[in-house]
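Written out below as structure tokens is the structure these notes cover.
Chain nomenclature is as follows: A, B, C, D, E, F, G and H, assigned in order of appearance, with residue numbering initiated at 1 for each chain independently.
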Amino acid sequence: MSKEIRSDLYKRLNKDDAVVLLVDHQTGLLSLVRDIQPDQFKNNVLALADVAKYFNLPTILTTSFEDGPNGPLVPELREIFPDAPFIARPGQINAWDNEEFVAAVKATGRKQIIIAGVVTEVCVAFPALSALGEGYEVFVVTDASGTFNDITRNSALQRMQAAGAQLTSWFAVAGELHRDWRNDVIGLGTLFSNHIPDYRNLINSYIRASASK
Amino acid sequence: MSKEIRSDLYKRLNKDDAVVLLVDHQTGLLSLVRDIQPDQFKNNVLALADVAKYFNLPTILTTSFEDGPNGPLVPELREIFPDAPFIARPGQINAWDNEEFVAAVKATGRKQIIIAGVVTEVCVAFPALSALGEGYEVFVVTDASGTFNDITRNSALQRMQAAGAQLTSWFAVAGELHRDWRNDVIGLGTLFSNHIPDYRNLINSYIRASASK
Amino acid sequence: MSKEIRSDLYKRLNKDDAVVLLVDHQTGLLSLVRDIQPDQFKNNVLALADVAKYFNLPTILTTSFEDGPNGPLVPELREIFPDAPFIARPGQINAWDNEEFVAAVKATGRKQIIIAGVVTEVCVAFPALSALGEGYEVFVVTDASGTFNDITRNSALQRMQAAGAQLTSWFAVAGELHRDWRNDVIGLGTLFSNHIPDYRNLINSYIRASASK
Amino acid sequence: MSKEIRSDLYKRLNKDDAVVLLVDHQTGLLSLVRDIQPDQFKNNVLALADVAKYFNLPTILTTSFEDGPNGPLVPELREIFPDAPFIARPGQINAWDNEEFVAAVKATGRKQIIIAGVVTEVCVAFPALSALGEGYEVFVVTDASGTFNDITRNSALQRMQAAGAQLTSWFAVAGELHRDWRNDVIGLGTLFSNHIPDYRNLINSYIRASASK
Amino acid sequence: MSKEIRSDLYKRLNKDDAVVLLVDHQTGLLSLVRDIQPDQFKNNVLALADVAKYFNLPTILTTSFEDGPNGPLVPELREIFPDAPFIARPGQINAWDNEEFVAAVKATGRKQIIIAGVVTEVCVAFPALSALGEGYEVFVVTDASGTFNDITRNSALQRMQAAGAQLTSWFAVAGELHRDWRNDVIGLGTLFSNHIPDYRNLINSYIRASASK
Amino acid sequence: MSKEIRSDLYKRLNKDDAVVLLVDHQTGLLSLVRDIQPDQFKNNVLALADVAKYFNLPTILTTSFEDGPNGPLVPELREIFPDAPFIARPGQINAWDNEEFVAAVKATGRKQIIIAGVVTEVCVAFPALSALGEGYEVFVVTDASGTFNDITRNSALQRMQAAGAQLTSWFAVAGELHRDWRNDVIGLGTLFSNHIPDYRNLINSYIRASASK
Amino acid sequence: MSKEIRSDLYKRLNKDDAVVLLVDHQTGLLSLVRDIQPDQFKNNVLALADVAKYFNLPTILTTSFEDGPNGPLVPELREIFPDAPFIARPGQINAWDNEEFVAAVKATGRKQIIIAGVVTEVCVAFPALSALGEGYEVFVVTDASGTFNDITRNSALQRMQAAGAQLTSWFAVAGELHRDWRNDVIGLGTLFSNHIPDYRNLINSYIRASASK
Amino acid sequence: MSKEIRSDLYKRLNKDDAVVLLVDHQTGLLSLVRDIQPDQFKNNVLALADVAKYFNLPTILTTSFEDGPNGPLVPELREIFPDAPFIARPGQINAWDNEEFVAAVKATGRKQIIIAGVVTEVCVAFPALSALGEGYEVFVVTDASGTFNDITRNSALQRMQAAGAQLTSWFAVAGELHRDWRNDVIGLGTLFSNHIPDYRNLINSYIRASASK
């Protein structure tokens, strides 16, 4: 066994070094997402947004061609982040090709990128690969990113992983950032309750059972 | 071809003759539901509840053993129907074996039963079969009823259908009760938007596109 | 064994007695269809349309709220049937509640209804059940009808079957109407080749192999 | 709506009129079962056995060719029912063709048959159809019966249902026989806890939460 | 409970009254079959053929357009039944529309039809429905019949069942015809061993274990 | 975190350095493809071809044994690329073993290979691995490549990825080559509309909504 | 071919150097597990526990917030390891952030970590990554770890593998530790028999067959 | 782009340097295989065996505990390789721990190992990892190796790949060894025809079509 300490093996999210990129969650493009059931996908995206907001992570919104069939940004995201930088790209498919977008990322001074978007192999993979090439740590939120089918999803995820991206989920992002429940039990519990029906049920069962004694 | 008119072939829901029975959607029992993904199931149940409320259908809530592992009624349902009859059954597994429950149904004077519950083959099937036996028309909301797996679900649905039940979904119930969009376009559209992410996207895309002209 | 002849057991499609109803295949509503993969569903719908055209079946188009989020009729259908009755319903959810629509059906003088639409449990099931109640034979083209998921599809199909509908597919409709390949080998073969990739491959392989001798 | 009372619509299990038939759950034949995952199938079969024992239902065991590749009866079943009639059929494929077996059924004086076995389309379907033909009510425990794949299962279940069988599950059988939790809360709860991991978890969570107050 | 004896509830196959119809298992058409995996489908079809041969059932082969892209009858079937009536239909899509085919069926004097073919909703369903209409008992071998997908298969099977067909599998056909293993243990065992890998393994394990004592 | 810039992490497609290889999309071999539904697979292959044509990428066609059961190249591909090099290999299974094929690739002077074919683990994997070994960047279009089942597909894709291939889809290839919608909105939009039914619907809904204002 | 010997390629479990970590298998959290069927998951977890016990591996139990909705440790695990270190973490989400937990691991002096838990991407992945970073060999028991769905599971497993973890199953762990059946045929056979129904059937068939000679 | 030639990227099978290891395909153990349908798995294993025989590859058979519930080697394999080394291991779980087995491998003088077995994560993975550690190239035939479910399969395959194994299929092995159809068209075509029903159909269709000219 290798006895050496490899402190780089665990790329660990740090709430003081992470920025969230939500790419092209637009009302039209969402109809292309066929690898995750719609109720579940909507919940995952909003959960990730709530995680970003809960941890006060700088968050950057971007869309492609809002004034066309792609449709506007999902209104809920705009409401959650009314003050976030919002770059409506005039044409660049890879958000990282948009100078304003990259400038917004760099302005945060953060080096860990949490990214999700539609569709996975384009709107997520291209900026993720670009950012990896520039030395960022990239965390792909796989369950808040959608695409046409399992084949296109797996191909996109494997391509990003091969380039060094960390594959994760909105729930893992929340846990990794929070570190310790004692930092805020109510806050994190509420967040989970709002986005995990099974967890909400556990809480409600627990409250009743505790009271029934 | 049979030329005769069979006016009885289409059992058609009528908002003046329908009553909704929500059976055992309890926080504990919901963890048993494994034939529908949790986000989707939660949405379906709340959608059916909103349909009932929207059409002012008399609605009856019932639970089994709230003060035990089955857990309390899902709080959202209680909030949507604060004034509905709520029969916490002391032990009867088939809600129809509970006199108070049957009395509540009969008190509505209605003859069309819309029913959903957990788990399908017990909490839905038993009262559905009992009601059919007493001459009610029964509409099983299959996507707001949950059970262990596909085999138990299909067996339960086939048993009820063989006895004369109509298999339907919350969306079909809404459409069948509403009859004509002109009765209230905004109301029904809002209901659909709240529970069908794809439909909400259509609306938001439409609003943007209309405005962009 | 029952020896009696039951000529009514086989409801057999007859090209001189059939009319095709295409209900609410609208560009917006199609994003709700999640029980069939999009490429496959598009092909099935256009294949049914081509079958209707090939057999010169009277065909009736109808939509619900074209001027809204539901979107317009899929343009390809309008192009295939430029002269077909096209009833843009002002609000009726069940097309059979629209007098103009029923009048169009009755004007054909036909008693066999071939129906497909979006979504299955509403736009197909309601008029299908209404038509059954008035003595029509109803053939539901299950693979050209779409809905949210397997549960809602199966519930809708079982409800219609229980009321007497025949469940069929676009390919079976074509075969049942054609009766004998000798009526037009090239025509039916072309239709199949255009909508069944495997069949097109068979033909191309055959042509090459025959020529290679 | 049909107002008439149809007391025959609900074939309801009665613990004083039911007999359980466990057909050919043999160690060899179980390797043929591919439509249910093995851990789940084993649990379902033993759960049904425990239900039979719990309600003191007369239970009849039968096997086909124990002294050959089909293998012996699953030992657990023999242990649960050490005194049950056990008919090792010398050759009859349909257990109902075995006079001793039918005699054992008739000796119980019961008219409701609860049946499960391996494989569904043969060892369950044949005696089920025979019994229906002789006027018995037949309840097929679909999740305690196994076969090669979904197609063979569904075909078998539909054949039996068309002949009048009730499709049910071991959990529904338990609920239908018990009628009222108050008859024995601990007993039924223990049975469920032993065979439904999710239910056991609910109980353990409840106990802890109640105690934690 | 209904006490009456309904001897007609169990349509039971009888080897002296059954005829097997294998419809359009052609090398080209088989590429259309996408609802069953090819190795499995090939095995099921050949297993049914071996069952027919084993029980000396009169068997009728038919094809549609052999001299075209549909391709010839699968050679193995021709080899198994070198002397069977083989009707290469000149054009009739429903084999029952071919007088020679019907004459061949009637010449057998048998009233139970066992049928399988490609594709299910056309080549099986049409003659099955025609035969039912003429008073035959029809047994559809669902796992030896193939079609495009699950939706088309289920629609076809439900249509046939609604008209009175019995849904079965090749294995159930074998068991129902054989009635008693003692009629020929080796013969039936060999047949199963040749077509059920799990059963062959059971036999080989048994032989070894018996010898190892 | 690694701060270094790794410009090699993102292998980015460049329309001036890419060549497309379409390997063995033959009418016979396509019947072997069972891991993607036929309508979807046909669409994916033609979409990739249209992408190649749209970007004027040099494209090379090759087949194996056209004059035999493998069948000819799918005619649509020949029509899209009437002037492309077309190497009908006399026997080499790995196209890269064919000198004429490799010469055609080298003649383009390009170093990025976009490859798709049938079947994935042979006709795609072998030349892809060979090209990687010679220093080419290889982009495997996973959804335009087909094989027997998920196991063989995943094994093939993992083998290629482990050797350095980029896994991608036809849609990602289009987006990566185009870089900016402003280069040609109509052109790319039309391409997407022709091959993504959901996208065509978005466009048609948008046009109608914009006009309806 | 590389001829060099790479003794480090096979990270091989050694029963004298392995420690088992069971993380957060709590009665509440188990309701979140939706990627493995409950009967199967329960069996896998208990099987891993029995393996740990059988090989006398030091085993460490830990939970997060037992006195809340997460619920207590599954009682069966506590019973199997009554004397094992049991760290009820006061708040740390990553067990490796808990000093007592890490101390317990280090106290064993072992360098191979076998880990399983709920949910995979948090309770397993975080400590696994931390341990890899400190030079431990980590073996993830994938089938005794559960999470929300396939996407979150695969993302978590790929993240761990990319950091050097070995992906394995409880059965592989048992085989890799045992090395040679002759070390204890009865013991290992019993363990397998208790947790693999198919294996139990093999044994019972074998015993009967051996005896029948 | 990296311009360097990396001749090591493509580990290419060579019929003069490959040896085939078939590990524990025993009649009992096969009942444990649940990740591939039995007809398909049997075919894949026999296809690999036929490939080995066709290319005259040295082949080594091994089993574990034949004289017990694991059962004997599948007889067909013994028949195909009557003269192959056959090591019935007395107890070693990892075949590579058996000196006789390793000696047999080394006696072939070959450095490329083609391996398949039951179950994948033990009988395949252990010797594969051991062989990789000793400098062999290892090719895992994933579709001729079976295990309990998708999770255990994928974990095993990823573990082997991470250690450098090539994942492949029996069909890819055949193609990679054969290199050029002209080496023997009839031989390879026959092999494919015997194990790929779709390919056999292509050949039969081709023969008929060619003759029909």
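Assume contacts are C-beta pairs under 8 Å (C-beta built on N, C-alpha and C of every residue); 3 or more make two chains touch, one makes a residue touch a chain.
Just so it is clear, the structure is predicted and the values come from calculations on it, not from any experiment.
Looking at the partners of chain A and chain G together, the chains they share are B, D.
Of the chain pairs listed in C-F, E-F or F-H, the one whose interface repeats that of A-G (more than half of its contact pairs identical by residue number) is F-H. Taking each chain's centre as the mean of its C-alpha atoms, the one that lies farthest from the centre of chain D is F. Taking each chain's centre as the mean of its C-alpha atoms, chain A lies 34 Å from chain B.
Chain centres here are Cα averages; for chain G and chain H they lie 30 Å apart.
Shared interface positions of chain A, i.e. residues touching 2 or more other chains, are given as 8, 28, 31, 34, 37-38, 40, 69, 71, 149, 154, 158, 196, 198, 201-202, 205-206, 209, 212. Under the contact rule defined at the top, the touching pairs of chains are A-B, A-C, A-D, A-F, A-G, B-C, B-D, B-F, B-G, C-E, C-F, C-H, D-E, D-G, D-H, E-F, E-G, E-H, F-H, G-H. Residues of chain H touching chain C in their complex: 202, 205-206, 209-213. Partner chain G is touched in their complex by these residues of chain A: 1-10, 12, 36, 40, 140, 142-143, 153-154, 157-158, 161, 166-169, 171-172, 175-176, 178-183, 185, 189, 196, 198-199, 201-203, 205-206.
Note for the complex: chain B touches chain A at residues 27-28, 30-31, 37-43, 66-67, 69, 71-72, 74-75, 196-198, 200-202, 204-205, 208-209, 212.
Across the interface of their complex, chain D is touched by residues 31, 34, 37-38, 149 of chain H.
On chain C, the positions that touch chain B within their shared complex are 8, 11, 17, 28, 31-32, 34, 64-65, 68-71, 90-94, 97, 111-112, 119, 121-122, 125-126, 129-130, 132-137, 148-149, 151-152, 154-156, 158-159, 162-164.
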